[in-house]
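These notes open a run of structures that come right after.
Each of the two complexes below includes subunit A, the first together with subunit B, the second together with subunit C.
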Partner chain A sequence: MISLTIDEQSIQVPAGRTLLEACREHGISIPTLCYHPALEPYGGCRLCMVELEIPGRPPRLVAACVYPCEEGLVVHTRSALALKSRMMTAELLLAGARGVPEIEQLAAELGVETVRFQLAETNTCVLCGLCVRACREIVGVSAISLIERGMAKKVSAPFELASSRCIGCGTCVLICPTGAFRFDEVAGFHNVEPTLEGYRRGYYRASGEIDLRPDFVQDLPALLRRQGQAGEAKG
Partner chain B sequence: MAEDEETGLPNQPRTGVIFCECGGLIGGQINLEQLELQASALPGVVYTHREAYPCSKDGQERLRRAVEDRNLERVLVAGCSPRLVEKLFRSAVQATTLDPGYLLVANVREQAALPHGDDPQATLQKAAGIVEMAAARLITAEAAAPRYGKVRKSALVVGGGLRGLSVALALADRGIPVSLIETEEENREPLYNAQDGRRRLAQERLAAVQNHPGIRLLRDARLMAVYGHPGDYEARVALGNQTISLQTGAIVVANEATAKPLGSGHWFDRTRIKTQNEFAAELEAGEALVLKDVVFILCAEESQLQHCSRVCCAVGLQQAVRVKQLYPDANVTVLFRELYLSGIGRSQMAELVQARNLGVTFFRYGQQLPPVIGDKTIDIQDLLTREPVRIPYDRAILSMPLVPAGNTRTLSTLLGLPLDEYGFLAEPRTRLRPGSFADPGIYVLGSAQQPADSAEALFQAYLTSARTFRFLNQETIRVESPVAKIDANLCTGCGNCPQVCPTNAVHLEKRDGILSLSTVDELLCVGCGNCVVVCPVKAINLPGWDNQEIPAQISVALDESRFMPGQCKILALACEWSAYGAVETAGHHRIPMPDCARILRMNCSARFDPFHILWAFLNGADGVLLGACKPGECHYGMGNLYARERVEVLHEELAQHGIDPRRLRLEFFSVQDGEKVAAVLADFQNQIENGMADRGQMPGGVRMKVKL
Partner chain C sequence: MNRLQTLEEFDQWQLARQQEYNPDRPVITVCGGTGCRVYGSEKVWEAFRSELTRQGADGDLYYDVKVTGCHGFCERGPLVVIRPQGIFYSHVKVEDVPEIVSETILGSRTIERLLYVDPVSGEKIIHEHDVPFYTHQKRLILEKNGNLDPAEISEYIAGGGYSALAAVLRSWTPEQVISAVKSSGLRGRGGAGFSTGVKWSLCAANVLKTGDGYIVCNADEGDPGAYMDRSVMEGNPHSVIEGMLIGAYAMGVHQGFVYIRAEYPLAVKNLRLAIQQAEELGLLGEDILHSGFDFKLSVRLGAGAFVCGEETALIASIEGRIGEPRPRPPYPAESGLWGKPTNINNVKTWAAVPIIIRHGAEWYARIGTEKSKGTLIFSVVGKINNTGLVEVPMGITLRELIFDIGGGIPRGKAFKAAQIGGPSGGCLPAEHLNVKMDYESLTSLGAIVGSGGLVVADEDTCMVDFARYFMTFTQQESCGKCVPCRIGTKAMLETLTRICNGEGQPDDLEYLEELGSHIRASSLCALGQTSPNPVLSTLRYFREEYEAHIYEKRCPARVCKPLITYRIDVERCTGCMVCLRNCSGGAIQGEKGQPHSIDPEHCTRCGVCRNLCKFDAVLVA
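Up next, the complex of A and B:
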């Protein structure tokens, strides 16, 4: 067990936990965006910044979702420095994704009122990478990835063509926090549209008439047994 | 399941229910204390627990301990989307006594807490309904165990063209034994593309194949039958008079397309009117020809308007240049609709320039006015000037479309690959379940799928050989999807199930007596449940989605006590790939949804059993909504179209029995259609509440003849 202090509260956690996990375990809430329990932490959105107090040194900001718990660590999750950092991040996110309810709510919770930055175009995708990682880690097919660098960075299938690796499970759509993910762009279903001709060929032939009485089904084994006994008696 | 000594009833399995507060996201909206209390009264529940984040490492640790300490046989986690976290929880209990298949995640966050947060009572009711449905499923369902299959390290290549030879060589060079079938009717010398070195390349490859110790070349052979499953196929091949059996791990279909011959409709002078193939042979023969006016007509067949064969333009151009080089005095004219030059680099472009420089005349004709071939002249309307042009000819060369090789249809039947409308093999089934990464060991490439030129053909060959090698290189295949089981005592051998199976996993076998018996190949079965629906005697079980757990869930979902008095009751059977995902997307984005709808997660719309729909009506449902994938997007091929057919039939039957057919509604969704699913549910609720007199009615003891 490792003991450390988080927000003046001294706590003990098993070795190998991250600061975020320790905080959540002890009811200390830290905002996150790119974190998902089913995925490896990524440290991409920088919303979970917390302050480390190191004696004799200036305070240090670290991302709680990837920073491991260490013996004797003193952590402040709501210090002015950490809050300022989160507000800045939220403001930048909001500048890029204005009008996305999830991001606006997040910014409001962090106390961001005005946005000082103007972007020529806004994009609902905030590049948290959840879809890419879910595709790799949960589904296991890696049909999508982050392509390009800097301002041009975006989520796409290789060569921006509908991916043949995609199994169309929709996990990426489900995990997207802002609803930016457009499924058709990645999945690009290329199955043939079945036709009446296919029906005639028997691709999806329907069966004959059946009786739906539930008791009919139950009767059948008994019926077969009776027939068997009758057969034996005759034989 | 042991039986209780006193009552004689089966003991309920020991069930634990974990409630996730999701850091207040669920806990703040649903009265979890109340929910926990209600859940602890459910049959078999011996343990309930509430915590902030069960998905954290500590939470997983506690779950593991609870399973071991309390000897739990079933675990239900009421939290968020099963798609995202079920795998996580299942891996958490991997090392315990609990079979991971007996752990379920019920989504109360996206289905109850987020969309209906403003009405605490309704939210609690809905959440309780969801938990009870999941508990009913847990108790009645049987967990599907993963299946493993060995991969046989050998490949069978069908088709001896450039592609087939290249694939065979590439695989054999990597140490995979290959059998290469060259079909009887196959045109081994790929026709008219003599100029681009393709024939030379193919001949070199053929020599290499013949000398390769790892390749068995079967000439004039024919694929007769294919049995088995990915990784282990048995192929019967007719070789002359005998039939041999080949064991193989993967099958590569690479047969070449052939140019369509001139049909009987062309009654005119065949000495002057030739196909590109015939003309190539003529030029090849090397005899001096008398050529004065040569006209090439590209896209000579009407079908080429829709379906480009992709090589004929290049070939026509090459031949035009060749004629001009051999006979500089000849007038060469090319009539084209569109020029499609796809060659690598700009070589074909250069050819076009060369043709222009040599003095070849080009006329473009419109789609509506194809060239009219007369006795001595060809009439067209030039698209550029809109002037009619009459061109004399002593040779007219028609480019005919590439059509699938003659055995394509047979291969389609043998391997279960659908054909597209031009008769080519359509995209093989690429949509399998996640978790079951058994790509079917069947690969289709090249002209079997669509016409392509040599460079593309080689590219496809290398790509396919790499994919095949990767497939063959794995030791075992693991398939996790549910698998259909057939009760031999009930099966009457009617033959319905093999007809509807999307993967040809069901076969009829002979057995003693008059009845034959259906058998399921466990590795091919993808668990769509179509066979379960069409089985007239219900002899097929699909653990997880069976005729036990689904009706049990329906009964629980429509329980009177979980609805407000007078509230309308909607049951939605939702395919987990589309409608169920759409519901979760809607919840995720907090789109309000009617709280009277209960969502039942189904594996595929093919599993929408008329029996279950009627069961829902019998249980007092006011409306049944079926949510399927959009046409063409079904993960199991055509499950959604089966559903559509069945619903159409069922509508008629319902009307005949005095039930408003509008109470059964089928809608198609994609995962991202959160708003649509909310709107459809709201509209359905509105329709039922305001427009239907007979809501909730179901004539008692109805015995319906239902055509499935």
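Up next, the complex of A and C:
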């Protein structure tokens, strides 16, 4: 067991836990976007930043989802520095995703009142990488990937063509926190359609009984229908 | 070449090569570094070869023509040094070659016009070792670059090369090697400045635990204006290989990689050739010199992403995955390539290792300052007279570097700032010219040693535009994985662009500072964490320039086009029509012999008129 202090509480956790896992086990809430309990942590969204107190050195921010619990660590999850960092990150996210309800809500919760910068284009996809990682780690298919870099980064099947490896399980659609995933673009090539059955096939294959659905996706069949209609309208 | 089987065979072979290579033999060295090649040095050495034959300078006056690595004084290329005298000719053209052969080689007379003129004293300097650019340097890693054929392993060995490896294999324990590197005080030359010996001992301990590991040479140099790693790889690749061999022995590792960018074709070629020659000679491979130590070295090419110089992204790239960083811990010393303990060092760090072993850790630790030991290589570029590669002991002042070695600022302009450490570094103003060039001193002022890029700005440089240039670079090179770097650098860049366009708002400076410290504290990797440095440091030292752009809509250095206007001084204008004929926008009117005028509506502010005017009649405000 490892002992550490989080928000003045002494906490004991088994070795190998991340700070985020330790916090959640002890009822300390930390916002996340790119984190999913069924997937390897990614450390990309930077919303789960917490402050480490290190004697004799300036405080340091680390991403709780990837930082391991270490013996004697002193962690502050709600310090001014950590809260400010989360707010700034949420403001930046909103700069590129204005009007996306999930991000608007997240930013409001983190105290963003004004957005001082606006990207030219709004993009519902916030590049959390959940779809890509779910396809690789849960479904075991890797039909999609993140391509390009920086502002041009996006989710795509190889060569930006519909994927021949996609099994049409719809896990990517389901796990997307902002409803951005364009299923028809990835799977259209060989005419698969996301179905509840397909989704079950996909996720049962690797993940057992873990419920993939983030809280905000309540009605899978309805979501899949919506995707199907969007695809038809587009086609 | 026959494979050398034992340490004794190596010694004999080295002795034989040393007898062959008389250091006083006549040789014409022509710089084959990339800078001089661009100036046409390939044609120069070909011309020397055919001219020597034509003029009959074989026989007693036999001169060998040797193509070497970068000599460092790139400003003056193509460079030719005639040895053993050390006669230094710069800006040598093919047309000069017959005269050099007839006058200098056959006639023992120097050619005045090819000699270097010291811009300070106005004196003509004959010998390379008297050129101030070289006299103030301390060349350890670059020592041999100017007189070594990188395509010949025998030359490197004749000059004492691989002796450090032989010594280590003969009588050192791995622990002794690590302890020597530790006590030499060598710190990582890639920028972070972590103790190399400590890093090695961490990796060695993990290799011992897991039984396997890797070492990597990081040659993914990508800073704008930096080319020291390239020059070491091009000019002296064996020094890097020898350093890696010693490191591999110390850490108990049997496989190494050199990760080098594909944009460095000459470095790749010379390195591959060097590896092949070392393999043929038995210095790489199995049971090296019958010591029982095996080491294989492979080359991996980077595909042009700056972020792949970051160690975790580099690891991903070698493994064949997308070149994106991952959070640390675990550090590569614990879990690196394919999950195995991995030690990654910069080219210059590896190249320093044989020097330390050969001369001793104590000797090395006497160079430099208390906490920063040894030498640093800077590529000094921008508004400076002596553009080039400079190797200096740690602790030299910025002033010495820029004025004594760099020869000061061209055209008598005033020094304004030096951007030290590339796009991750910071900008230091004239008031800090006395700063010591070492890790601690630079960091305390908001700059970093970084990988050693040094870009000089003069009074005509707009610091907002300068900061924007570096921000453009990091923004384009951001991998996009984490939000603060992906969107934050874009937000900073767009804010800077607005300021340069005269659309800056009073709260922009506060926003830049807030955003800068956020990106620094919250980004995933060092690319993001250090990307705001050029902006934050210019805000710290040149805030008034930002304010002039925002409040007065004025660019004090007269660089930012939307904020400047060109006009013609009617007193000075002679009506020669040169500007009028060359104005691409058709913005200049006037009759021959009559003062011209510029129509601001059509003026694109390209500055061609100003550059062409012989009477200084074009004014910028």
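Assume the second predicted complex is superposed on the first by the 189 of 235 C-alpha atoms of A that agree within 3 Å, B and C clash if a C-alpha of one lies under 4 Å from a C-alpha of the other, contacts with A are read in each partner's own complex, and residues count from 1 in each chain.
Convention: a contact is a pair of C-beta atoms (placed from the backbone, for glycine too) under 8 Å apart; a residue touches a chain by one contact, two chains touch by 3 or more.
Note that the structure is predicted; figures quoted are calculated from it, not measured.
Touch criterion not met for A:2: it reaches neither subunit B nor subunit C. When the two structures are aligned on the shared chain, A:46 is found in touch with subunit C, with no touch to subunit B. In the overlay built on the shared chain, the residue A:116 is in contact with subunit C alone; subunit B does not reach it.
In the overlay built on the shared chain, the residue A:74 is in contact with neither subunit B nor subunit C. Legend: residue contacts after superposition of the two complexes on their common chain; A:61 is shown touching subunit C, with no touch to subunit B.
Residue by residue along subunit A, subunit B and subunit C are tallied for touches, and B comes out ahead.
In the superposed model, A:127 makes contact with subunit C only, not with subunit B.
Of the two partner chains placed by the overlay, neither subunit B nor subunit C lies in contact with A:83. No residue of subunit A lies at the contact with subunit B in one complex and also at the contact with subunit C in the other.
On the subunit B side of its complex with subunit A, the touching residues are 23-24, 52-53, 55-58, 61, 81, 83-85, 87-88, 418, 420-421, 426-427, 429-435, 437, 489-490, 494, 496, 499-500, 534, 536-538, 577-578, 581, 584-585, 588-590, 610-611, 614, 631-635, 637-638, 641-642, 645-646, 649, 670-672, 674, 703-708. On subunit A, the positions that touch subunit B within their shared complex are 13-14, 16-17, 21, 24-25, 27, 29, 36-38, 101-102, 134, 138-141, 164, 167-171, 173-175, 179, 181-184, 187, 189-195, 197-199, 202-213, 217, 220-221, 224. Subunit C contributes residues 305, 307, 322, 326-327, 329, 475-484, 486-488, 490-491, 494-495, 507, 511, 514-515, 518, 521-524 to its touches with subunit A in the complex.
If you check the complex, the residues on subunit A that touch subunit C are 43-47, 49, 61-63, 66-68, 81, 84-85, 88-89, 92-93, 95-96, 116-117, 119, 126-127, 129, 145-146, 148-153.
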